[in-house]
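Structures follow.
Here chain A shows up in two complexes: once beside chain B, once beside chain C.
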Partner chain A sequence: MTKSLDPRNVTWMALSMALVMLPHVERLPLWISLLAVLVVGWRLYVAWQGMSLPKKWLLLLLVAAASAGIYLSFGTLFGRDSGVALLVVMLTLKLLEMASLRDAMIVIFLSYFGILTEFLYSQTIPTALLMLVGVWVVTATMIGLQWRGGAIRYQDSLRLSLQMLAQATPLMLVLFLLFPRVQGPLWGLPRDAYAGITGLSDSMSPGTLSQLTLSDAVAFRVQFQGAMPKPTQLYWRGPVLWYFDGMSWHMGISFESGAPSYSPGAEAFSYTVTLEPHDKRWLFALDLPAKLAPNSRFTNDFQMLSITPVRQRMRYEMTSHTSYRLGYEGLTSFERRRALQLPEGYNWRARALAQNMRRAARDETDMVDRVLGMFRTQQFFYTLTPPLLGEHPIDEFLFTTRSGFCEHYASAFVFLMRAAGIPARVVTGYQGGELNPVGNYMIVRQSEAHAWAEVWLEDKGWLRVDPTAAVSPLRVESGIAAAIPATDPLPLLIRGDIEWLRQLRFTWDSLANTWNQWVLGYNPERQFWLLSRVGLDRATWQTLATILVATTTLITLMFAFAMLRRLSRRTRDPVAKAYRKFCRKLARRGAPRAPSEGPADYAVRAAAQLPHAAAAIKAISERYIKLRYGRPRGGESVRELKRLVAELKV
Partner chain B sequence: MILRLRRFIDTRLFQLRGPQAGPIVLVHRKLYILPTSHGVVYFLVLLLMLAGSVNYTLSLGFVLTFLLAGLGLNGILYTFRNMANLRIAATRPRPVFAGERAQFVLRVENQSSVERFGLEALAPSGEVATFDVPANQETLVAIELPAPARGRLPLGRVTLQTRFPLGLFRAWSYLELDVACIVYPRPESPAQPLPPPLSDHGEGAASLVGNEDFAGLRAYHAGDSPRRIAWKADARGQGLLSKVFSGRAETQLWLDWASLPAHLDREARLSRLTRWVLEADAAECAFGLRLPNQTIEPAAGPGHRSHCLQTLALFERD
Partner chain C sequence: MNLPSADFLTQMTQPIDRVLAQVNRIILGKDHQIRLALSCLLAGGHLLIEDIPGVGKTTLAHALATTLGLNFQRIQFTSDLLPADIIGVSVYDREEASFKFHPGPIFTQVLLADEVNRATPKTQSALLEAMEERQVTTEGETRPLPEPFFVIATQNPSHQVGTFPLPESQLDRFLMRIQLGYPGPDAERALLQGSSRRDLLNRLEPCTGPAELASLRDGVTRVHAAPALIDYLQALIQHTRASTEFAGGLSPRAGLALLHAARAWALMDGRSEVLPEDVQAVIPGVVGHRLHAAGQHGRINGVDVAARLIAAVAIP
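Showing the complex of A and B:
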């Protein structure tokens, strides 16, 4: 068994490993990728030059050095990223130690595991396709390793690998659909498990949202049942920010004590949200949601919070009323204090401006209109790339720079309201959404992140005011792509000016949506829903296991039957068939072919035994030998052989 | 106890009924299949991957794990098919001398349109022969066994096995083919001089060499030495004829068990007689062989030689 490995096998192992590692490269420190390339090159050189593998102590040294390097790069050995780095390093170093078939099989198994780790980062369709190619090549490599009889023909092992994987697909589907799903996690996840997820956060400072706007990542998708709201009604409520420290807005304390007084208007919209994981607890809904999503609760400022952070794609049914009255029964003194909080000692000019305007205004409603009017009529600009602001950001924005993104306007507006004694708060979320005509659903991207304000007026309660709409009505009516000057950087995907690109994008996103709903979002709930659709309403896991085993067995038996039938069916080779017929004819005349006789010997003996047919026997045997063992094989000479056998009379 | 258990397993579980004459067809019930150690590790890795997929809720992890599970199950079928319905026959092995290696040749025939790869024949001695059998063809597989002692050397139980295509499962079958190699006694070394030949009339010694007067031609019989064939006559188209020498017929060499020194035991005597048979044959002279209760009349040629050697090989063995 300890046969040394063929250099061709080693090459294929290196190739399949490269395929598995490739997607990790962009996330790994450069030195690990370089080390991997170096080690693989070294191993290939060793294999093709027929040299001996490096000594054990050298390998141990390399392992120790690489582990130390990973610890230095990541600060730990037990995270998601450092774990993957460790796997990559160990896999490549194992290649250097690989001397026997056993080692090679371990490398193969580690490669399969490496494919799994890629899914920690990305589960998109392109990743799935790339990894499928990876599985194909790794499996072909494994088949090549077993092929120790003749020469290794990789086109054959690639073909066989593809065939076997294709035949494994029905079984995979059955297992995927019916295997009892348990909601993870089973054990603690490393702290960096959900690193790198974009989305809104619990604070807002100048630049936060405009940064987010540069990402065309999907925040969530919405499928409306029935009518759709107008674009100006598409305010998706997210974090509500109360506390201002002079530069940034924070949530402060929010009470998960149930919703405040709320009376919905007549107009209601029903829809299903598929939320991308964002590692935070907000569940987005159209302002204002009329019911709770499962496993969530409302805070007193009407944020909908999930019990646990949203770490998987999540679906929930929702109903919203776009007209409503909220908190009209009055504010508690604590709420009022929070809604009027301002840091002392900053933004003096803005404070003075607010107090002047309040004195001039008839009432609070007039005050709101005056501020919006200021934004509308004076020279304020809406841009993604505003100038940086210094120590008194509101002052600088209102009096000097006068150009900003939604967070600047919302921030300045709430500041002015509070300075004028009107309770106000910042609400962040998303505004707008793009209708995908291909799948007839709405896509809301990170680029649609938005901030607006809510003011509390006596008898009216909390009212939504969007100062950005005053500066740039297009932002709210037509979306961000229309509102931003063409010179500002915007992700290619959300620009609307290239028609075919738009079409392509819609088709692709529709595909991705289906993929998300049915492949990635296939969770215990989906499974039960599917089972109830086929009449298994209260499927226990025992029922599920029974169905699973039965279906698996059935499929396997069907394949076994098909394969073995093909085997036991007599050969379709016409040459062998004709020759067997010839032998049968001669056997009936008392000259059967002995098991040890070759066709030439048999021809001589049979001709001697049946002299009257000697010429025909000789002709048929010669032709058969030529067809069987000779080089070219034409259809004509096969037909000739068949004719001769048919005409043989003994 | 262990022996009895072993016999019970052999007869009941594997249904082995001793060597069978004729070709063996590997029908399904003669084939066994179990995971290899690699196979066990493979499925353990899959369990690990399943746990990882559950923990991180990786839908594609489930897809990958289940695809590989399907692949593994498929591997059972492929490995099984790689051996099923093969037809195996043994050819008659060429005799060898004790101390040499006997070579058994198996003819493995694949009557299906499915190519078979990576088959292994395990000799009882533990040696492995690896081979492929293309579709609709047959492959000759040589298995070598050491032949330490004279007599009949049966092939014994050959294990035919395969791990192809994935190496995760091993399918195997036990072949008990009724085939044996004749092992001639080991020729004595160094050689002792041949006993003196006797004339036809039994009057003392006669020279082995000389006296070979050409006496004429007769029809070729199987077993005549090729050196005696009148090739010129054959070239003239007269067919195969053997030359007959007059002197030869009269000098006769008897290799006699009874005339050997008394201190030699049975095997030593057989060893010496074997050497003498070879030398006499090489010298192309006619010789006879006398063993206790068995006599082979003097003759010459390869047929006679092998007859004598076989008699020596099987002396008091059958």
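Showing the complex of A and C:
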């Protein structure tokens, strides 16, 4: 095919390609975006000026240079980010050697693939909509390329493309619902796909959690079966931190030896957690979980750890007891040593304070109350933007700055306990959660990240103590938005003071949740559940495949039938049908009728070309003209025309 | 509906053939253009003849008017021509002590507007208004124009010096625009050897009269257009609107014009029904000045546009 491409089509291709790449721009190095713009501009210039495409050696040079550039920028040619960058560069460079319709079709298919890569980064509803727009425009571009008979107006190609997508929708739904599913993803994403996901980590230093509070990303959603716990019971347990180096807290060694037994109270809550991917192993559950989620283990301090990092959305059923007695049998000497560990040489004043208080206190319980009382009665402030702390952070916090976020209070509390000889540890996780009245489920966001403390008391075991609650009872009872001063920076979405925004947010989140559960989380279980609802119990993949093939065939046949009907409406006229037969007969003898040739003109021309049949041609044409264009009359019969056409010998 | 008989057709075609034969003696080798011009007048439309000076535009107009036996006025359009020069003026009559209207040259059956694009837009629009309304209003009084009333306008191609091109809205008032073009070598030779056209014109006798012309025009409206032909017309119109080849599609008025002209053409061919060929024959005249090829700098020849349109639409 040597027909050169219409500049208008080239412009369309450039446009759809821009649409495909636009979402990637913010993630790509600047030079790649610039290169893409430059190459597209070059191609457009070439197309509109009617110049020739660049030479092969120049293209090879460009490809080599761009590949080298990507290698230098990313340090590799593999992986998600560099792979996408490579695709974007090659896709734009392909434009420069696009000379024929075949090349253009390759670019079209690559564009479809380019749209797909957006899924590697985000799978939300807006992304899906954006991609749909991309598919729409790329399809319209393809229609423009394949259009025969002059150029097509952009409104028409867009409308046609929309029509085609609409026709494809039933097929898409059938394939989505019925295609046999496999558990888990078909393939894993490269490692670099999980960079930049926010969430709790295995260490805590001043500022860690208050940073997290600035994110309104959803950590997980919870659907309660039956009663819901009170706000003050909503402690979602995450990483437990033992080791303090004077500045920050770490997990230290964790033992995945299984959970120690505990005696639960009467109250139990059942719920389903849908956890967003966070690339760590923690599975969050209310204090304390009564059972394990699938494919996970307990550590001996009741962290629930998944076997593999959570890299895709995960659903698990959970039961928790909010009142319990844990570890009252006693501590091992190793545990005690870990729970009393403090770095030497730091925070002298805090140590002294703890020792003085311990001497004044009647027992350990009284000691806990005294420290909490100190936070409550003295001038301590709860703020998201505490002043920076120096070499002795606990000292400075307790005696100088006196304002901090939950990590400051938890950290200072555990420090004071340990200094007073009481075993204690820091527990991080989430506190609270927002009930979405639209979908009747609870949203827990990164902004609800929290740190609290556990102390071990003789005969009572591990007790949860939340020093933040002493400073700011509102934080635990009403959530983070109520507890933070209005001047502190907090994401707009977390603030609850704009009513319509709140409503909108709830509706949107409910929609997103449904999307997550039913579209992204459509797994074999969901599929079988759905099929059992329509009476297909225990459907094997063979039955699924049979239904799939049958339905797609049915839908295709329905569309084909509708199209055929529309076509045949024109062919039903017996006069036109007879004439077409006549034209076909003449065409076989080398006198085909041009589509725009009138019957009288054709008769003259055909008779001249086929002189031996001239009389018959004339007779048939005259009858046809009378029947088709003349006044309706009784005399001329269609049968006569048909007979003449049938008898025509050429 | 009373069916047209063979009688009817001979009744119609005989005077037409006479007219054609006579005009063909004056304008040599332009049979197709003369047929187009006559079909335009039979369809009751105004005619615009566009070509360079000296190819016989005025002669054609004059010959047509005389042959059809209609009275004839000619206005040479110039840049200082005023509307009153066309329509007429009221002059104070001292004896009767009142204003008396002196009708302008427009009160005629055939008006030859020579070089219509040399007049100012104001004067052009005075003419074109009269064309559409078939009446003239001056000083609060409406005066009907004679029946029949035809305007045959000639114009030079607008890229020539000293012209005011007619706007598209006014071009639309002409049913057809035809181009004469240079004569063929044989016709040219005959022209050079023959007697002067002016003498011939002066000696010209009318072949028909207003009454017969009226019945011819009535005959045109009785030519049958079958549903299949309307399908074809619609396909043509739809194509001009949907395709990017043309800047703006044909208007409903243009569609009607196409049908009327095709009917007249069919009648001239001696048929009482319209064929797709009839539509194709009048397309260059009817569509050429209404349709412009998109994305082309400068106007493309009307005949080329028509040829493209015909080739692009299949006859259903």
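Following the convention adopted for this analysis, the second predicted complex is superposed on the first by the 552 of 650 C-alpha atoms of A that agree within 3 Å, B and C clash if a C-alpha of one lies under 4 Å from a C-alpha of the other, contacts with A are read in each partner's own complex, and residues count from 1 in each chain.
Just so it is clear, a residue touches a chain if its C-beta (ideal position, glycine included) is under 8 Å from a C-beta of that chain, and two chains touch if they have at least 3 such contacts.
None of these values were measured; they are calculated from a predicted model.
With both structures placed on the common chain, the touch criterion links A:I625 to chain C but leaves chain B unconnected.
Contacts of A:F119 after superposition: chain B is touched, whereas chain C is not reached.
Contacts of A:W348 after superposition on the shared chain: neither chain B nor chain C is touched.
Of the two partner chains placed by the overlay, neither chain B nor chain C lies in contact with A:F381.
Of the two partners, chain B and chain C, it is B that touches more residues of chain A. In the superposition on chain A, A:P595 contacts both chain B and chain C. Judged by the touch definition given at the top, the superposed model places A:T169 against chain B, while chain C stays out of reach. The contact surfaces that chain B and chain C form on chain A in the two complexes overlap at residues 149-150, 570, 576, 595-596. If you check the complex, the residues on chain C that touch chain A are 3, 224, 226, 228-229, 242-245, 272-277, 280, 310-316. Residues 101-102, 105-106, 109, 112-113, 115-116, 119-120, 123, 127-128, 131, 135, 139, 142-143, 145-150, 157, 160, 164-165, 167-172, 175-176, 179, 181-187, 189, 193, 311-312, 519-523, 552, 556, 559-560, 563-564, 566-573, 576, 595-596 of chain A are the ones touching chain B in the complex. Only residues 22-23, 28, 38, 41-42, 45, 48-49, 51-71, 73-75, 77-78, 80-81, 84-85, 89, 91-92, 111-114, 117-119, 130-132, 135-136, 163-167 of chain B touch chain A when the two sit together in their complex.
Residues 8, 149-153, 156, 570, 576, 595-601, 625-626, 628-631 of chain A are the ones that touch chain C when the two sit in their complex.
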